[in-house]
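Note that subunit A is present in both complexes that follow, paired respectively with subunit B and with subunit C.
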Partner chain A sequence: MVLPPVGVIAVFIGFPVGAAIAYTLGKTGGPNSVMSLLAQHEHVAKHGVTTAPYREMLSNPSVREDLWSTVWVTIVTVVVVVLVSWGIALYLRLNDTWLARTVSGLSVVPLFIPVVIASYSIAIFWGPDGFLRSVAYHLGYHGFPSLGFTLTCVVLAEIWVNIPFGVLMMSSGLNSVPNALIEAGRDSGASMPRVVRSILLPMNVIPTVIVATFTGIYVLGSFTVPYLTGPTQPNLLGPTMSNFFTAFSQPQQAEVLAMIVFVLALALGTAYVWANIRASKRAGATS
Partner chain B sequence: MKRKLFAMLGIAMVVVAAAFAAALTGSSDAATHHAAKSVTINLYASGDVNVQSLWQDHLIPGFEKANPGIKVNLIFSEHGTNDTATLARIGAAVKQRKWPGIDLVDGGLVTTLATDGLNQPVTKASAPNIKLLDQTLLTSVKGAAIPYRGSSVVLAYDSTNVANPPKTLSALLAWIKAHPGKFTYNTPASGGSGYSFAETVVDSLLPQSVITQMDQGYPQQLESQWKQGFDLLHSLNSSVYQGVYPTGNQAVLDLLAKGQIWMAPVWSDQSLTALKNGQLPKTIKLTQISNPSFTGGAAYLGVPKTAKNKADVYKFVNYVLSPAAQTQIINIMSGFPALPLKYLPKAIQNQFADVSANTLRPTYSQKTQSDFKAAWQQQVP
Partner chain C sequence: MSAVESEGVVLGGLGEAELPVAAAARGPRTSMRSVGMRMLGGLFVVCLLVFMIGPIVWLGLRAFSGLWQFPQLLPKQWTVAGWRTVFKDPNLSHSMKLSFEFAPVVTLASAAICLPAAYAFSRFRFPGRRVLLISLFATNAFPKIGLYIAMAGVFYSLNLMGTFLGVVIVQLIGTVVFMTWIPTAAFSAIPRSLEEAARDVGAGPLRVFFRVTFPLAAPAILVAMILSFLAAFDEAQGTFLVGVPNYITMPTEMYTLVLNYPEQVAAVFAMLLAVPSVVLMSLARKHVMGGKLAEGFQIR
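Presenting the complex of A and B:
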């Protein structure tokens, strides 16, 4: 009964991944022969494997800049998304008012706007002739920075795109905390901040880890947002990968970049699995 | 409260879905229209949206109307992002003597297909209009591709702010440095107009013999000679608009239209179309520079050796080269005709008195271009 899905995954995901790994190690035959037909600057390993493609990419100064920008943009985005979505979800959990519902409703709107359109409008909004700069100019402040096509703009756009998922996850996590627990805490004299710290925070760890890891993985592999809002150089690895693959005709080098992103995402995925295991162990111990 | 949240989500989803549905219904019936026809030609074309519109809205409907029973299926790749993959696909299929799924190709990859011997030679083509073409246009593609229109990169400038546009490349470079923030070009990897500017600057510092080798082949050992030109381009970083290179030809036209920049390299056909549609204000004028001029040249059609229904494919090629279709290309896309002017109406002849497709400066071969784009990305921004 388990076999068919395993088979599907092995054929449609496992095989291409295996072929790609072999290609980055210099194996250009078999399933990689069509790709290597027109590839330029390919490293071929006749016997065994070669790490030359990895060495080439990691010693390339502009690729290193891109890698570094990818890492810091990811970290900043994850931190801000976790903080903001926690804030909104908490506000909604503790204040069931008209205003709270409107704020949370607005925060999920980005989910329904295609990323291409969102990125384009964000780049224009923060751009040299954008809304904020125009308003600042008319108010007499002429030094307002032009953030369009900078890595700061990429961070702003990534946050915008990722907030809805964060808010939805966090609010469902906080909603599953029984009211009785909060009321019990309040009855025994705990202040609201104390209730948040000792009851809501520990009971919402898993959703927080999910939001952090999924946002991180999304930003690491993102293409459209940095392509449309980012600078020419350095930018995130997504657009760089696409440049190497199509414009520069260097698919092997593009796949090396993909492997680097994969390893970074794997680290985040490990954190997610570890948190889940820990949580289920703890649940097993208390029940 | 969770339910309220979901209700809100639901409402937002319905509104967005309705907007999408409204946008999509317009195009859905076109695809099923010709379902009953017998022969289908798969045309792969790449370029900017103007190329897509030329095929989709004008040449294909015109041909299908005149030739019932033949359907043309357009596979379009914006900015040629799928060119390399398509090249690999056709290459692999022809080598195994199999049908590549594509019968006619329009795009930068055609010249590579032709010089690599993957295209059907023109001598085997059954399209009488090919005989009328200027045969010198066929030599650079080893007689295996069919020129069907010409286009070139030109210098666009805002005439309200620039009274005397530069006439030579060195004058242009001096102007750029004298007017910081008023010039830009798109990244070579993202579009041909910015690519042409970068190549022209680099070419201006290379001997003609090196340029010729790079146009016709892939002399990798000569690429180190680009260094000087890239250093010159690098020195422009502080003078280009915002110090950022836009993505795609259209992004540069948008900056010109908004008055953010006063001068930029643009495709002649794309900008003339934009001027006609009012997407660019009438104050934007076009001119060509010299010493050297921007690159340009003929756009070619190629028929892969293992294409299906070749007789019908050439019927389509013949239609594209007919005076009527060539006139359409000029009027709609502001392209240059491939057919010699003597076969075209008098009004068109006057319009193109001093420019024709085969006098435009050629560009590097596809493989050299790939390396050039990679080197630019490393050395310029």
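Presenting the complex of A and C:
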């Protein structure tokens, strides 16, 4: 029963990715021969493998700039998403007022909106004739910067897109902490911040790791958001990859960038897998 | 405020404004601080409102604007010309039709492929089970564009470029993870004793599945199917790479629109593209918020 999806993945992801790895190391034959026909400026390994494509991309100053932007945009987004979703989820856990319900409703709005539209509307909203600049103008502040099509706008849009997942995961984690535990902490004289620090925080580590890794992986590999909200250069590696493929006809270079992003994402993924396995081991030990 | 308290506030992130309110509400004291915190909380909600809803409302206004110049806060003239353009343009209406053809096909195919696997993952402890679950996740970590470029090579040799099947496969790839993980968690949450009880009173395995297991897992399966439908419906990059020039769906068309059409037409099209998401997610809202989505992300 497990075979069909594993088969689909193996044929349409595993095999192409394997071929792509070989391609970035200079193997242009076999499954890569069609792509190789279209490719410009290709590095071919006569025998063995070559790291020339990697060396070329990593020494390209504009690619390095893109890599750097990708890393800092990812870090900022992950930190903000984790903090904000922790905050919102905590607030929802401890309050059941109409205000809390409004906040919870607001925080999942992005789930309802396709990413293409979200990116487009966010770029306009923060852009040169957008809402914030208009409001600032009416308030007498004429120098409000236009954030549309900047890396800041990319960060804002990535946060927007990733908040619902963060809030849902954190809420689900915090909701599984029994009320009795919180009450007990309160009854024995702990202040609310103390309860948060000593009870809720340690019990919500796994959801926090999940939110951080999935958000990080999403941002690293994202295309639509930076493409529609970001500047032409430097932008994240997603659009750069696409440029190398479609605009410059250099699939090998595009795949090298994909590998770099993949390695970064896998590093994050390891944290996720490690946290999950540790958690399920602990669950197995206690039950 | 003690050192311990202030530390907790930092850890709470943005919730900091609200924490002490909860603390104050428990005791009889309602101080100036509580009022201040309430105002801060209100301010936070207003910021969240502007940040979350603002862009969508702003885009919605644009869909009806005839004349709108900086720094006006509302359009000067209202019009529905953009809507007429969209419905009259044969390319645009054709892409809408295509989108509504692909998404259901992909969702059903994905369900047919992944649901049996989800059941097996939750009910049978076979060797390599966890490795397979994790490798599903690894596919999620490979950047999509890189994957599509790599897939394009394979698709050329299999003659799948520019075909209906090719587009279905590209869109299906993006749904496999949801379709396996979320139902797996749901099946695992159903106590085996329930199934055994049904079997003890004489129900066959199929009957047990359809009368006991399936109805209990149905909400999670619904969430998975809706997420898959939306993932397929919103997929633009791979569809563009594989489907061009025969199959241009709504989101792929959106890229062209953003770059080449008047802003207003793009705004109208964007509003239309959002309709299925809003409708479907509203239907599943209760289950998504209830944790069905979150449960799917913990590997057991």
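We adopt the following convention: the second predicted complex is superposed on the first by the 270 of 287 C-alpha atoms of A that agree within 3 Å, B and C clash if a C-alpha of one lies under 4 Å from a C-alpha of the other, contacts with A are read in each partner's own complex, and residues count from 1 in each chain.
By our rule, a residue touches a chain if its C-beta (ideal position, glycine included) is under 8 Å from a C-beta of that chain, and two chains touch if they have at least 3 such contacts.
Please read all numbers here as calculations on a predicted model, not as lab measurements.
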{"item": "Contacts of A:A271 with subunit B and subunit C, given as first, second, both or neither", "value": "neither"}
{"item": "Touching partner for A:V71 - first (subunit B), second (subunit C), both, neither", "value": "neither"}
{"item": "More subunit A residues in contact [subunit B versus subunit C]", "value": "C"}
{"item": "Which of subunit B and subunit C A:S172 touches, first, second, both or neither", "value": "both"}
{"item": "Contacts of A:A45 with subunit B and subunit C, given as first, second, both or neither", "value": "neither"}
{"item": "Touching partner for A:D96 - first (subunit B), second (subunit C), both, neither", "value": "first"}
{"item": "Partner chain(s) touched by A:A247 [first = subunit B, second = subunit C, both, neither]", "value": "first"}
{"item": "Partner chain in contact with A:S62 - subunit B first, subunit C second, else both or neither", "value": "first"}
{"item": "Touched partner set for A:V205, first subunit B, second subunit C, both or neither", "value": "neither"}
{"item": "Subunit A residues contacted in one complex by subunit B, in the other by subunit C", "value": "34-35, 104, 108-109, 111-113, 128-129, 168, 171-172, 175, 228, 242, 245, 251"}
{"item": "Interfacial residue positions of subunit A with respect to subunit C in the complex", "value": "1-6, 8-9, 12-17, 19-20, 23, 31-32, 34-35, 82-84, 86-91, 94-95, 99, 102-104, 106-118, 120-122, 124-126, 128-131, 133-135, 137-138, 156, 160, 163, 165, 168-169, 171-173, 175, 186, 191-194, 196-197, 201, 206-207, 210, 214, 217, 220-221, 223-224, 228, 237-238, 241-242, 245, 251, 254-255, 257-259, 261-262, 265-266, 268-269, 272-273, 276-277, 279-280, 283"}
{"item": "List of subunit B residues in touch with subunit A within their complex", "value": "1-2, 4-5, 8-9, 12-13, 15-16, 81-85, 87-89, 91-92, 187-190, 242, 244-245, 247, 258, 260, 367, 370-371, 373-374, 377-378, 381"}
{"item": "Touch list for subunit C against partner subunit A, complex", "value": "2, 4-9, 11-16, 18-23, 26, 41-42, 45, 48-56, 58-59, 62, 68-73, 113-114, 116-117, 119-121, 126, 130, 132, 134-147, 149-154, 156-157, 169, 172-173, 176, 179-180, 230, 233-234, 236-237, 251, 254-255, 258, 263, 266, 270-271, 273-274, 277-278, 281-282, 288-289, 291, 293-295, 297-300"}
{"item": "Subunit B contact footprint on subunit A (complex, rising order)", "value": "33-35, 37-38, 40-41, 60-62, 92, 96, 101, 104-105, 108-109, 111-113, 128-129, 146, 148-149, 168, 171-172, 175, 227-228, 231-233, 242-251"}
